[in-house]
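Across the two complexes that follow, subunit A remains constant while its partner is subunit B and subsequently subunit C.
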Partner chain A sequence: MTQIRSFSDFLIRVIKIVAVLAIIGGIFVVATSFLQIMFGMSELPLPISPSDLITNPSALISLLTGLMDTDFFRISVFPGFTFVALYGAIAGLWERKLLAKMQMRVGPLYAGKVEGVLQPIADVLKLLFKELITPKGADRFLFGLVPVLTVVISTAAIAVIPVSEHWVIAQSDFGVLVIFAVLGFFPITVLITAWSSNSKFPFIGGLRALHQMVAYEIPLILSTLVAVMYSGSLNLINIVNAQSTYWFILFAPVSAIVFFICGLAEMERSPYDLPEAESELASGWLAEYSGMNFGLILGIAVYIKVYIFSALFTIFFLGGWLGPNFLPPEFWFILKTAIVTTMILLPRGVLPRSKIDVLLRQGWARFLLLAIVNIFIAIVLIQAGVIVPGAV
Partner chain B sequence: MGAIDLADIVFYILAIITLASAILALEAKEIVYGALALALSLLGVAGFFILLDATFLAMFQITVYVGAIAVLIIFTVMLVRREKWVEKEGVNRVAGIFVTLLVALGMGLVVLQSNIGQRVASKEAASFTQIGVQILSLYWPVIIILSLVLSAAVIGAIALAKLDRG
Partner chain C sequence: MGYDIFLVIMTAGFGLLAAVPMLILPKLLAPKSKNLAKEAPYECGNIPSGSGRISFMMQYYSYLLMFVVFDVMAMFLFAWGVSYLATGLIGTIIISIFILVMLIPMAFTLFHAGRRELW
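Our next item is the complex of A and B:
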């Protein structure tokens, strides 16, 4: 294999791969058409035979809509990985522009003609070409495994998040429990990262991240219990449909605030980004990761978590995809999720970082109490008959 | 035997994963690998729960065991100073494995000879609303005792931490 020494080499290799695939596809089409003509076989296991495709191209539309209904499309494209990864890339660019405007700067400007819109692509290309350094004495298997594991676990949680009633990968009667079971994996990945780097700063940063995540998981789960109580079901689609009259944020504002803040702590964003403190701990538990390892953890997995929490906030408290009928429900869901994402990205430019003991005391004492307070309010409202579980 | 369907294949794969990681948890030279293998075998058990139509239980198994207990075990193991874990020389490994296999075979044959394979569950799996109703109405002493045990554990942990510091 020739070495890739420049961007034009990269492009030439991509063109070669595409050409090979096109030639293989062309041979397949010609061969099957031949077989059909010669042997009269009309029983090929294809929805449209290739020779029909050439003579009658409009049959392609029904094939495409049929393909869009399959599970594979859902997993890989729409509510699944491609959509979330694109959302993450745009959220990354949006964060940098937003923070720049707040700090009277301009942000990324040069990549792409208009205000740096191609900056995420430039970042990924840069990270792809950097060397992957493994520290001496580090555990090579785990060190290489963790970035992949982090992305896998982040993506696994989007399997039950519905973008609208029709577009969901796996409709589960225990959607809420599945999400929290998957989110419970993150402390393990942080711990393995910290340990396998074989270096002091990542170890301390990883232990702090572990303490923080474990402390804020309980108020997070308790604050979603209110939405479950009001809708009477653990299924995320039922929770959204129960908000058809009023959104739950009207009846559970304290829980919404607790969920938002605990989400900030779980995602390790400001003001709770002590584990990845840039100036304090030399970038904390990620210090030894370079190149695409870094890009996978800090780029993709973090923004996938941002999407997950924004989507969950929208589903639990803001009425999901319910909105006026002149626009499709998926549009309302994405709009609300984008607004929540902006609110998640904002505190980084505004608030100072919390100290570790203040952070932990807040998590264990104050937010737990606030979540329980709202559960009591919910119980009182349900018993008084103001809210009937199932339809607010 | 009948046709082998997807449930059988999933069962065999899960069984291999669970048993292999359980063996690895005991035999690994590097103790953090062993703790991680323990987490993997607990995940395999959660998979078995899903196969038995107890999805609710499987989710709680993952949240509690893998999300909390495995994390605590890995955390503790990581902070232990790594002296050499010396293997005693006189222990006869092969005899141990042989006896284990004999005992497992015996117990397995006893279970298979009974008519446990012919029993069919007559009701469908309990939904979580039924579990909740039963917990709050019929099994309420269990909840009270569990909450007392949890309070005792929390108070004990705080007392020990205070003793350590003061």
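Our next item is the complex of A and C:
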């Protein structure tokens, strides 16, 4: 235990104790609310007697569909955590195979009999058996908090993303603002990481990551303003339904490009991966994280962010789940999201890294002006009567 | 409006439920050995000297200041963008003047942020 030498030390100790109690209390509240949600499935056609199962097995189907309509299923399985985690694992494997083909070599090949499909599982198992090292002098509480916080915030943002009109966890009338409110937590997370590991490289890397994320957040927000103007609503489902005649990418191509590039900067992928530059800053703000701490931040949370940005790109600009009727809408959504994910993963093998002053200057000067230019294009198109907001 | 924010917090809680066992498992399964060299801060092979928490760089401070102002401006633009038809032509003209007026201090700030010999 560190000694208390002054009043501020005492205050910090009190705040830490209160925070630990709040987190334990929060976990308790979440657990009991889960139980309430699960037992709120009381409108299910239960119980089914065994004789009923033998003579009338289709009663089970109504039970299963009733189960799939509950909130708990949506949070945990389909548009929620399991789906996104699986998508992230497949995206990780796909990224490594894609980069390998671009660099004229084979990627993961040996884990699993066919082309290394079990490689993500092998990676997770390896990381689970590694030791978690906390550097000396680091702030233990904050150091352990950050990986959990990154995963929690990434998961919270998938709650308002609709996979189709029926499959959404939380259908909010302010969906766009909820997403940007949750994504605004990431710069704080990076700063906490940078400060709590008592080391120079993570500190400089974390400051650069903070400046980069903060610089590219404004053009990101302003480029989605165009889609909001065209549909007249902040609800993500209304934004997709407003694209039923033509996709918004035809009317806002500049905004789509700005959204894509600023998404690359927010996810810290190439060409904006200076904060985790392996050759320059010794892996930047993550340098002191080992084992599963590293696996949570760099493995899981990054691919959840990739899913979030791909899904948002398809919802705002590519028409979401709208497609020809011979296949279900969820299939079209996943297909479009997968294509956008491939486009996000590709620049890593192609482009060199941007320098920090170059990328900050570009983010503020060029991308902000491009986003504002497209707002003016949108004003002209709406005044000319090409698009009518809220017509659907 | 209240129920969907509750669901967002529930989803975050599920993420917490998934992340916490992945940090408890290595504590149970991994070998533990305390070693002074493992716990020292990493500096590419040097023996670390000086404090780990050096002072904040002020080089890109003006970009952070700009973020605060332009974030608030973006929220005002959202308020206008959603209610585009209700505010009509007058609202559009007023917002355009607002954007154009904000570009002047932005040009000033970018000019001074680019003068690297100052910072």
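Simple rule for what comes next: the second predicted complex is superposed on the first by the 330 of 392 C-alpha atoms of A that agree within 3 Å, B and C clash if a C-alpha of one lies under 4 Å from a C-alpha of the other, contacts with A are read in each partner's own complex, and residues count from 1 in each chain.
Keep in mind that, in the parts below, a residue touches a chain if its C-beta (ideal position, glycine included) is under 8 Å from a C-beta of that chain, and two chains touch if they have at least 3 such contacts.
No experiment lies behind these values; they were computed from the predicted model shown.
**Student:** Looking at A:I379 after the superposition, I want to know if it touches subunit B, subunit C, both of them or none. Which is it: first, second, both, neither?
**Tutor:** second
**Student:** Does subunit C touch more residues of subunit A than subunit B does, or is it the other way round?
**Tutor:** C
**Student:** According to the stated criteria, A:G390 is in contact with first (subunit B), second (subunit C), both, or neither; which is it?
**Tutor:** second
**Student:** Touching A:L177 in the superposition: subunit B (first), subunit C (second), both, neither?
**Tutor:** In the superposed model, A:L177 contacts both subunit B and subunit C.
**Student:** Quick one: classify A:I192 as touching subunit B (first), subunit C (second), both or neither.
**Tutor:** first
**Student:** Have a look at where A:F129 lands relative to subunit B and subunit C in the superposition and call it first, second, both or neither.
**Tutor:** Only subunit C is touched by A:F129; subunit B is not.
**Student:** Pick one for A:V151: touches subunit B only (first), subunit C only (second), both, or neither.
**Tutor:** The second partner, subunit C, only.
**Student:** Counting only touches as set out at the top, which of subunit B and subunit C does A:L234 meet: first, second, both, neither?
**Tutor:** A:L234 contacts both subunit B and subunit C.
**Student:** Subunit A residues touched by both subunit B and subunit C?
**Tutor:** Common to the two interfaces on subunit A: residues 172-174, 177-178, 182, 195, 207, 214, 217, 234.
**Student:** Note which residues of subunit B are touching subunit A in the complex, please.
**Tutor:** Against subunit A, subunit B makes touches at 30, 32, 36, 39, 55-56, 59-60, 62-63, 66-68, 70-71, 74-75, 78, 128.
**Student:** Inside the complex, what are the residues of subunit A that reach subunit C?
**Tutor:** The touching residues are 26-27, 30, 33-34, 37, 71, 75-76, 80-81, 85, 127-137, 144, 147-148, 151-156, 158-160, 169-174, 176-178, 182, 195, 197-201, 203-204, 207, 211, 214-215, 217-218, 221-222, 225, 228-229, 232-234, 282, 287-288, 291-293, 295-296, 300, 356-357, 360-361, 364-365, 368, 372, 375-376, 379, 382-383, 389-390.
**Student:** Quick one: which bits of subunit A touch subunit B in the complex? Just the residue numbers, please.
**Tutor:** Contact set of subunit A toward subunit B: 139, 172-174, 177-178, 180-182, 184-185, 187-188, 191-192, 195, 207, 210, 214, 217, 234.
**Student:** Which positions of subunit C touch subunit A when the two form their complex?
**Tutor:** 1, 3-5, 7-20, 22-23, 25-27, 29-33, 38-44, 48, 50, 52-54, 56-57, 59-60, 63-64, 66-67, 70-71, 74, 77-78, 81-82, 84-85, 89, 92, 96, 99, 103, 106, 110, 113-114, 116
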